[in-house]
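Please go over the structures that come below.
Two complexes come next, and they have one chain in common, chain A, joined by chain B in the first and chain C in the second.
After this line comes the complex of A and B, so read on.
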């Protein structure tokens, strides 16, 4: 380990909570935030009174249909009359929430932070996809009427071409994650499906088919983070934040090699450097790469340097990434299986590492012993990369 | 950035259209309770320990779960205003009186219409809710048609 001498306090995750992920929940966004926050506090054995600062994460206001969601979510997240911020880097927000919580504590500013991520996508009609329409360049792209799947179809096609990957192989990510999600109590899209099912599902934008994509969801997740002396007082098994990394690429996504996610790689290198990890493919025991599309998990595994470029599909075929494999990925069930309430989905991945590293994941617990885990999310047009490394 | 010396007038425009046509919100746990109460012509708040809050919330300031409790008033006008033009700057035929109204038996309050003349309305006067006929109630805040001034104009 190479400790960073500029960081004042070591930071641990001491509690986690999650709501159900569903297509449409009765709860208001504030109530979802409250449910996840209360669960996280209870799991840490703390009350709101013990919390110094609040970090809220939520993707566009236009999903929930409430302007300034950070302020709106403040009471549900426990942020009234406390130092409270909302962070937002598109889909990367979920992993950015614990990163922001980390620096709140590491700076010495707060002893304890409640970190809450919420998303309610169901209010936007006719479809929440409409919210994404505004990420395009209004002059060069919007006149063509693009939607998000177009771009990922292009990226997927490029990855398949460059790495010589078949759709049959990529479909196995969806099969694996949806199967893993059968053991997740919050899961929305858990299923026992076959590669056949994926290949026979409706073609949306070739080569992207219905079962290649994560669903639209409502939900929230929360973590409690604390500085070392507090963490050691409240738990025997703190899970340490070993490294954090975040970068932005350019939104001009057509000026780059689509087959390799540099926005993830740069963030990963930053996090590994801080964590003193030199060979992530050997040192990381469990990973939660961002998987809104099945090929994206493979793409991100390579960006996270858990496999060489174009090597992830081969390892997938060998069962390397299964729960019983050498390097289990998305043991939670991921976005494909648990669901994709944007910011909450990213934080769900970090919460899964917390449970895995405490051996509290129950039926989802990976076979091998675990010491270090990495979670990652990506945001906007293959632009924002957020990475966190946790260890026990 | 405008280029100095060039004509800044625009000859090409790029139209944009909001693709979200509408929002459909869910009432939430407390909202469902409130909707039921409104349909019955009642108002509810939330009890958190010794304090009662209105409008109701599911959770208390300390994040404990609250308990629904009926709010009976009396309702007092805390502040009011008179709307003379609508949002499109059109003159209204009849000015609309809007008030921030608080119940004496709870913390908090609500904004609603008050059926009162400008001479009648004043901070501190007592008002009471007038509900729509039961068959017309939908479980929304508009199930209260307006608040009327108590003691005066009472049939």
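After this line comes the complex of A and C, so read on.
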């Protein structure tokens, strides 16, 4: 892979919007999309007339229960009679949305893009967990009656074994993120909890317990991206897309070492190369690694080369990743604290970087000065990595 | 500025509030699928029926795939060479499941594992990223073996169902169980 660093047009994020993240919301999926999209437009000081193209992201159709979610969400996302696409890479979708928006602008095809991510998991009954049964291979995996949490538990157990990490340490990610989320206005699962609370919560698939996991959520988020000349006209503080990267591995997740996410690493290398970053562990100021499970944040920090393999747990213990630390991670509160409406949760992470890099995050603003941030999402059967680097 | 006190759109519905709304629609999709096994998997499943674990080898790069694919993912070459494995392998990772597919509580927990199979070309190096492997249940293993980590790296072998019960499915293997030395 040789990323083209001589892209036609420089691209900036100029606005962001978000709805509440909750277990169950009254609004329909397209109403949620409209709420987030209009807030993003308003924050950019633009109207729909100023938008050339629309990018929509949403995870499996089976959650909302509508089997053409891109088309379904189009009107709420401002997509009527505009070039509109929907992108999808499972949980990686949220970060893939601004990546796709970036290439729409960088190619010179569109001056402005409204990027919208929405997820409504609450319609699926008796539990959205059942919908995940359809991501497994129908012939080789489904006959065993798998539960989605199995695969995370298997990965977490392997990571604990290979890196010699205790559950007590991993639980600290959940404690940190839920506490960070107390300052997020969209937060669904913000709380002051202790390591003990995590270890005493219901055991689902050991080593995964109830408080190791992000909740089931409804919600939407949106960004406005623009070409440099437009961005400079509409705002004094554009946040530049410095690098993008995305990679897929195969679906045969049981044919690989589960302790290290190589697909995340490849995506990160692609994004860093484009951004001209050689030492991400020193150059990145703030990170939003994907944290649907607490161990996943550590796993992804290592995949993003913000720590050496197996080093993230030690740095976590030292407070390295706190808001006041050397390299704050998930200052938003992450999926564990803010909630996990799948595609919207990934885009929430990118929106958080936007607010952090503009010093607009209020009580969530990290202590250190920030210039470069990285957000990442992961998806499908331990196989999709999406990474974006933003700078001010 | 999206600080802590911004009022965001969205209307939360508590508990059963949703069921009191006018016009609530309930729908249960009716869909039945019947999946053809495919070229490579079909032969693999036939092998299971005969009590054998089969893999394929790429003629160009030499990678061994279990479960087999019809093509090499890296070379895009057809994988024409079939190999039979002993079925033994070592536990890569294992967990204790207390819930079913649909999140119902199980009476008796199950042990689930990823097994790295001994295949031609197996080097025993612990840091190889790719390996022929299978995902299955373990028997004769206690939850504490998983928690303590004793089971990780342990040698296991398939416990086959009796031939008359095999249907050409991954469940023709009842589970994998530890190999007792001596």
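Miscellaneous remarks
Going forward, the second predicted complex is superposed on the first by the 386 of 392 C-alpha atoms of A that agree within 3 Å, B and C clash if a C-alpha of one lies under 4 Å from a C-alpha of the other, contacts with A are read in each partner's own complex, and residues count from 1 in each chain.
In this section, a residue touches a chain if its C-beta (ideal position, glycine included) is under 8 Å from a C-beta of that chain, and two chains touch if they have at least 3 such contacts.
Quantities reported herein were computed from a predicted structural model and do not represent experimental measurements.
Of the two partner chains placed by the overlay, neither chain B nor chain C lies in contact with A:304.
In the superposed model, A:20 makes contact with chain C only, not with chain B.
Contacts of A:41 after superposition on the shared chain: chain B is touched, whereas chain C is not. When the two complexes are overlaid on their common chain A, residue A:80 makes contact with chain B while staying clear of chain C. In the superposition on chain A, A:364 makes contact with chain C only, while chain B stays out of contact range.
Greater residue coverage of chain A by touch, when chain B is weighed against chain C, goes to C.
Touch criterion met: A:139 reaches chain B and chain C at once. In the overlay built on the shared chain, the residue A:155 is in contact with chain C alone; chain B does not reach it.
Within the superposed three-chain model, A:225 lies out of touch with both chain B and chain C [touch as defined at top].
In the superposition on chain A, contact of A:189 is made with neither chain B nor chain C. Residues 24-27, 65, 122, 126, 129-130, 133, 138-139, 143 of chain A lie at the contact with chain B in one complex and at the contact with chain C in the other. If you check the complex, the residues on chain A that touch chain C are 16, 18-27, 32, 35-36, 39, 65, 122, 126-127, 129-130, 133, 138-141, 143-147, 149-150, 153-155, 157-158, 160-161, 182-186, 203-208, 218-219, 250, 252-258, 260, 262, 351, 355, 360-364.
Chain B meets chain A in the complex at residues 14, 16, 18-32, 57-59, 61-63. Residues of chain A touching chain B in their complex: 24-28, 30-31, 34, 37-38, 41, 47-49, 62, 65, 75-76, 78, 80, 122-126, 128-131, 133, 138-139, 142-143.
By the touch rule above, chain C contacts chain A in their complex via residues 1-14, 17-18, 21, 27, 33, 35, 37-38, 41, 45, 65-67, 73, 92-103, 112-115, 127-137, 143, 146-147, 149, 152, 169-171.
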